[in-house]
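Structures incoming, each one as structure tokens.
Both complexes below contain subunit A, partnered by subunit B and then by subunit C.
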Partner chain A sequence: MPVTLVSLDNENYVVDKEVAERSILIKNMLEDVGETDSPIPLPNVTSTVLKKVIEYCEHHRNDPIQVPDETDDPRKRSNDIEEWDMKFMQVDQEMLFEIILAANYLDIKPLLDVGCKTVANIIKGKTPEEIRKAFNIVNDFTPEEEAQIRKENEWAEDR
Partner chain B sequence: MSARPFDIPEILDLIGKSLPYKDQVNCLRVSKAFYGVFISDVWRTISVEPKSRNYVSSNPIYPTGWALERNKEHIQAIEFQGDYPQEYFGLRGCRHLQTLIIRPPTIHLRIDLQATWEKNIFIAFANLTSAHASTVRNVTIDFYMDLMAYPPRELWIALNKCPILNQLHLTTLVVLGEHMSTLLQVCSKAQSLILEFVIIQDWTSESDEIHADHCRLRNVKIIRAADGVGYKGSNSQNQAKIIRRFHNLQSLEYRIKDDSLHSREPGVSATDFIKTLTQDPWLLHKLEDLNIKSAQVQDEIIAGFLDKIRNLKALNVSDTPFGPMSLQALFNENTSTLVTFGPADCQRRRKVWESIATLDLGNCRNVTGDMIQRVLENCSGLTQFLAGKITTIDIARGKDWTCRNMTTMKIYLATERDLHRGKGGDNSECSKQQRIAYSRLATLTKLRVLNLTEGNIPEIGSMKTLDLNLKAGLRMLSMLKELRELMFLRDTYQHMGVAEARWITKSWPHFSSLAGIANARRKTRGAFNAILNSKNIIVKYRT
Partner chain C sequence: MSSALELPEIAAHVGLYLSRRQLATLMQVCKTWNYSFAPLLYRACTIYGNQSKSLSLDTINKYASSIRDLSYEGCLDPSVFSPECSQLVSLTISGRLGRKTDRPLEISTLISQVIRNNSNNLKTFSLQNEPTLSSRGLWVALADCPNMSHIEVENLIILPEDMDVFWKACSMVETLSIVSTMVTLELNRPEEATPSARFPALQRLKIALSEDSTDETHFAILLNAPNLKSLDWRGKITTLFPIDRYRRMMSQRLLPKLQRLRMSSYQLSDQDIALSLDAMTDARELNMRFSIFSDKAYQSLMSRHATTIRVLIFNVANFPTSAMVQSILSSCFSLEILEARLISGTDLVRIGQVEQDGANGPETTENIFLGDDWVCLGLKSLTVNFEMTDNSNREELDDPIGVERLERQHKLEQVHVFRQLSRLTRLEKVNIRSMHKHSQSLDLRLESRGGGLDKLASLKRLEWFQFDWTAQELSREEIDWMLEHWPRLRIVIGTYHRDTEKDRGMQEYFGERLRLRNIEY
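== the complex of A and B ==
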């Protein structure tokens, strides 16, 4: 059964229900309204981003649904990104951020995970100043505050 | 959307989980938003240890003083690994402290100093535990030194004050009989207990009771179960008597310390343990997960144990004399249980063997191919299975497999050509048997890991499994859509080529790893590997 998704800028996208339900938000909406042809408005997602999200969900439509594991040890998480996902994430930084926010809003955990791993890969090996520069982040510490944080955490620098 | 991912703490936290520790430390100084998220990652676990010879930095190796006082609220785990500063034992108010670990120093202490030092450290550790009793969930006391440690009463009293204790791990300790009553109370509060080389001394068990109704203990591991000359079986029996009291126990692992180091016969200690544990009345009705790997006890003893367990879900008897009697106990209709389905008056007997999901018969020399076939025919709930040699003849003689939920299977599936190598065996019969084996494998549509040459045969080339080519029957496995890994190490007779490589990449969408020599011809093997590598499938020649 097809489902129509409507973006912030009123673009309509018709997708299979199975694809749309990779988003837990949409899945819950569909369960609440029951059988209906009504389009589903997604006022937080622009058309360019929604197109990318749909592309991801189409490619991963047969993946098993991830079950959250309460005992998940972050140290055991794999940081590998599949080849297709890696190519999918080769976008400019603005689009990368929009995909992450959209995945968070739509509750598509695998896409959110891939987006966050992609950002993590950019952060790796950089100093604090290099990280700020990479993402255009304003340093809101005073020099004294930054020095104190460094002193308090100097023990961790060589671990 | 004008927000950025870094504005949402939950997303920043998720990014942090993919970062190595060093990068998390760097993130602290990026901005206040980053600091707010990453400070708890950086301070989560503190390892209190002396500087090693290779540590050249002038920075301290663990926090002290005002830095420790200011940030102690973020600490969730403290591991004492050779340094025992009084400042740490005097910590109070670590609101999120859940895990305490203590391990011995790396320097050797003289015997006369050791007792005093030990008692002081244990009491200080006990005080720290008491002060955080409301939050402490996991305690590890791993005091491996040249001599066994004798924790004082204060330690067990402190542990008994922890109402939400989850896991207790004790290593290389002697527990005095006079402290057993308190220790039993502690164990009954924990959900998980690990006793590694723990000796119970001078215990008269009759007077020590626990309240069975309040007993939360579900999982017990007894590793390097200490026994031998000097203890004369009493430690094995004592440990069994302790375990018998935990009526809600679900999971038990028992592994003896290497018997060959002692003068007692191999298997005597484990036999003592099992006999004491299983004597009447049987009390562990909730036991469903049993691991007695490497216990050198008789098949009859294992059978007697299995006969008691009504709802077995996981069994590891690898490297034991598990054999026909034990298998019979598994399939014994007399040990089936009444289970209610649907309306109250609708009941049926569920066979014990239907409940088993995980079964490890690795390196069980008494397990034959037809026994393995019997398991595959009957254990319909099996998801993970490890066993030894089964031939295509065994499979062809048997019935269809019922274990349709299998996700991991590691066996040595030997072909007839292996049995008649050099004797000119009948190839058409061999091919027919292979196709039957393929058809049985094809029903395991949830399979993720398949090892066809499991076992400890040292000579390379001495194993021969199914012909893994399309003509012989590989094509029949097209429905194994969940397959991730295929292994056939030590089989150098394969003739896989480009066609097989293309078929694999097309038929198995999640396939990621192949371990084995696809073809003895180097050029063909190279072409085969190249196709797999182009789809990010790893090819290995060893585990």
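== the complex of A and C ==
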């Protein structure tokens, strides 16, 4: 059964219901509305991002729905991203963050996880200056302020 | 556009994958990120007393509103108990008094003040390692916390005159742990006509009382905790277990909600384990490391708890039998952790002979008996030695048919065990350590070299792989394969090769490759 999704810039995308329902937000909307052909507006998502999100949902359409494990290890790892997902996430930074925001808004947990793991992997092992370079961030701390923060957080260094 | 990280829920989600050190680094990047990640780093703080890099009082005060879990380790320093912390959910004191500091009462009073400042939110309290920190004021303060649900004490000396407030503080908790601490509690207070449940909310109890504690105290708690779900009862091997009282308690079903039972120091008989299992409903955990799990216990387990049991830990020679282990694996679909001595290849698959009436009289045909598939697809941890049919001395047999059958049996066993293991895709720990050096076990070589390792590619969550004393002839190829296919692999314990030189070389190779991979993360 097809569902029509409408992006912020009024582009229509027709997808299978099964694919659209990877988004819990859309799933709930469809349940509330019932059987209808009317398109679903997604005013928070532009067409370029929506296309990517749909691509992800199509590829993962048959994945089992993740049930949070009550004994899940809080020490989360980010080094277990599948190959397809890794390639999927090889986009420019702006798109990466747009995907994360869209996954958050649309409530697609696996995509949100992958997005955040990807960001975490960019951050890992870098110094503050390297992180600034990686994300085009201007340093608005004075050297004294930076030194003070470093001193304050010393206790967290070894752990 | 990294303004996405300014959204607290996104920052928090990314922060889940970062270590404390990385969170600290992020706080230096810019002011916005400092603001986003400070609550994540300071949510759980540890103060290592008297170390140069420890949290200062100023820093604690600055981030006090973010701190939820606070832990004091190392040397306890009075100056770092801050009145600003008022959002604590959990407080742990596992530090000790320094040699110079001789004022346990001062520190105890400071702890009491922290408890009082956080009275409304405090849920978890743990006091360990420093015997002199107990004081009346501390337990009174704790008893006033309306949401207190988890108390742990270890190595503490509680004075007899403070015992009543200690028990008052413990009376409404859900989780109680008393380890190496002498406590006394009378079974029946003489002034009470009908003893009321003293621990109505208690669900989880861990007791490892000191040697001076009497049995009376153990049972005074147990018989007054009707909602108990989980019991972890430890003692020294030398302590006599109050078996008669225990039997009475179990046969009278005085712990009707018990689902988890752990008695890892005592040795109970098969009969007593059966009695315990009979008294439990929908049991989830049985950890009787030194007890005799045999026919009666097995019967009780399978008839009452096969569908609900999640954790089974045994470790005694021959108990449970291989047939029992195979049966458990193929019936208990909720199983998550299993530790048993061994399982034989012949219980998984067996070439047998069947007598049938043929056209020319009775014939013997061959049949392959297959053990049932394992149903515990959620299994996370498996510790069992696979005792496979030994084909290593086939040259010594002089019966060609026998040799051929031995070879086939050996091969079938390997195929089937790997097949069963490959279906357990949630495995995080696999330990096939053998009891006898160089015994025949799973052939962990790659298929191209005669083994079955490739089949285990599906175990994507595997972190711990142990195979010591199983006769292997692995090479660097296998190590490379493991690191490639098991992204979460952290620990490998095993003898890669009989030849000690080769083995040492491979241990080093693995260590090096693992280090390189970890550097990336």
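FYI, the second predicted complex is superposed on the first by the 144 of 159 C-alpha atoms of A that agree within 3 Å, B and C clash if a C-alpha of one lies under 4 Å from a C-alpha of the other, contacts with A are read in each partner's own complex, and residues count from 1 in each chain.
Please note the rule applied: a contact is a pair of C-beta atoms (placed from the backbone, for glycine too) under 8 Å apart; a residue touches a chain by one contact, two chains touch by 3 or more.
Everything numeric in this text was worked out from a predicted model, so none of it was measured.
J.: With the two complexes superposed on chain A, say which partner A:89 touches: subunit B (first), subunit C (second), both, or neither.
T.: neither
J.: Of the partners subunit B and subunit C, which touch A:111 in the superposed model: first, second, both, neither?
T.: Neither partner.
J.: Look at A:62 in the shared chain and tell me whether it touches subunit B only, subunit C only, both, or neither; answer first, second, both or neither.
T.: In the superposed model, A:62 contacts subunit B only, not subunit C.
J.: Answer with first, second, both or neither: which of subunit B and subunit C does A:44 touch in the superposed model?
T.: After superposition on chain A, A:44 lies in contact with subunit B alone.
J.: Who does A:26 touch here: subunit B (first), subunit C (second), both, or neither?
T.: A:26 sits against neither subunit B nor subunit C.
J.: If you lay the two complexes on top of each other, which residues of subunit A touch subunit B in one and subunit C in the other?
T.: Common interface on subunit A, subunit B vs subunit C: 74, 77, 79, 97-98, 100-101, 104, 112-113, 116-117, 119-121, 123-128, 131-132, 135, 137-141, 146, 149-150, 152-159.
J.: Spell out the part of subunit C that touches subunit A in their complex, as residue ranges.
T.: 1-5, 7, 9-10, 13-14, 16-31, 33-34, 41, 45-48, 53-56, 58-59, 62, 336, 460, 487-488, 519-521
J.: Which of the residues in subunit B end up touching subunit A in this complex?
T.: Those residues of subunit B that touch subunit A are 1, 3-6, 8, 10-11, 14-23, 25-32, 34-35, 42, 47, 55, 57, 59-63, 67, 70-71, 509, 536.
J.: What part of subunit A is in contact with subunit B in the complex they form?
T.: Residues in contact with subunit B: 44, 46, 62, 74, 77, 79, 82-83, 97-98, 100-102, 104, 112-113, 115-117, 119-121, 123-128, 131-132, 135, 137-141, 146, 149-159.
J.: Note which residues of subunit A are touching subunit C in the complex, please.
T.: By the definition above, subunit A touches subunit C via 71, 74, 76-80, 93-94, 97-98, 100-101, 104, 112-113, 116-117, 119-121, 123-128, 131-132, 135-141, 146, 149-150, 152-159.
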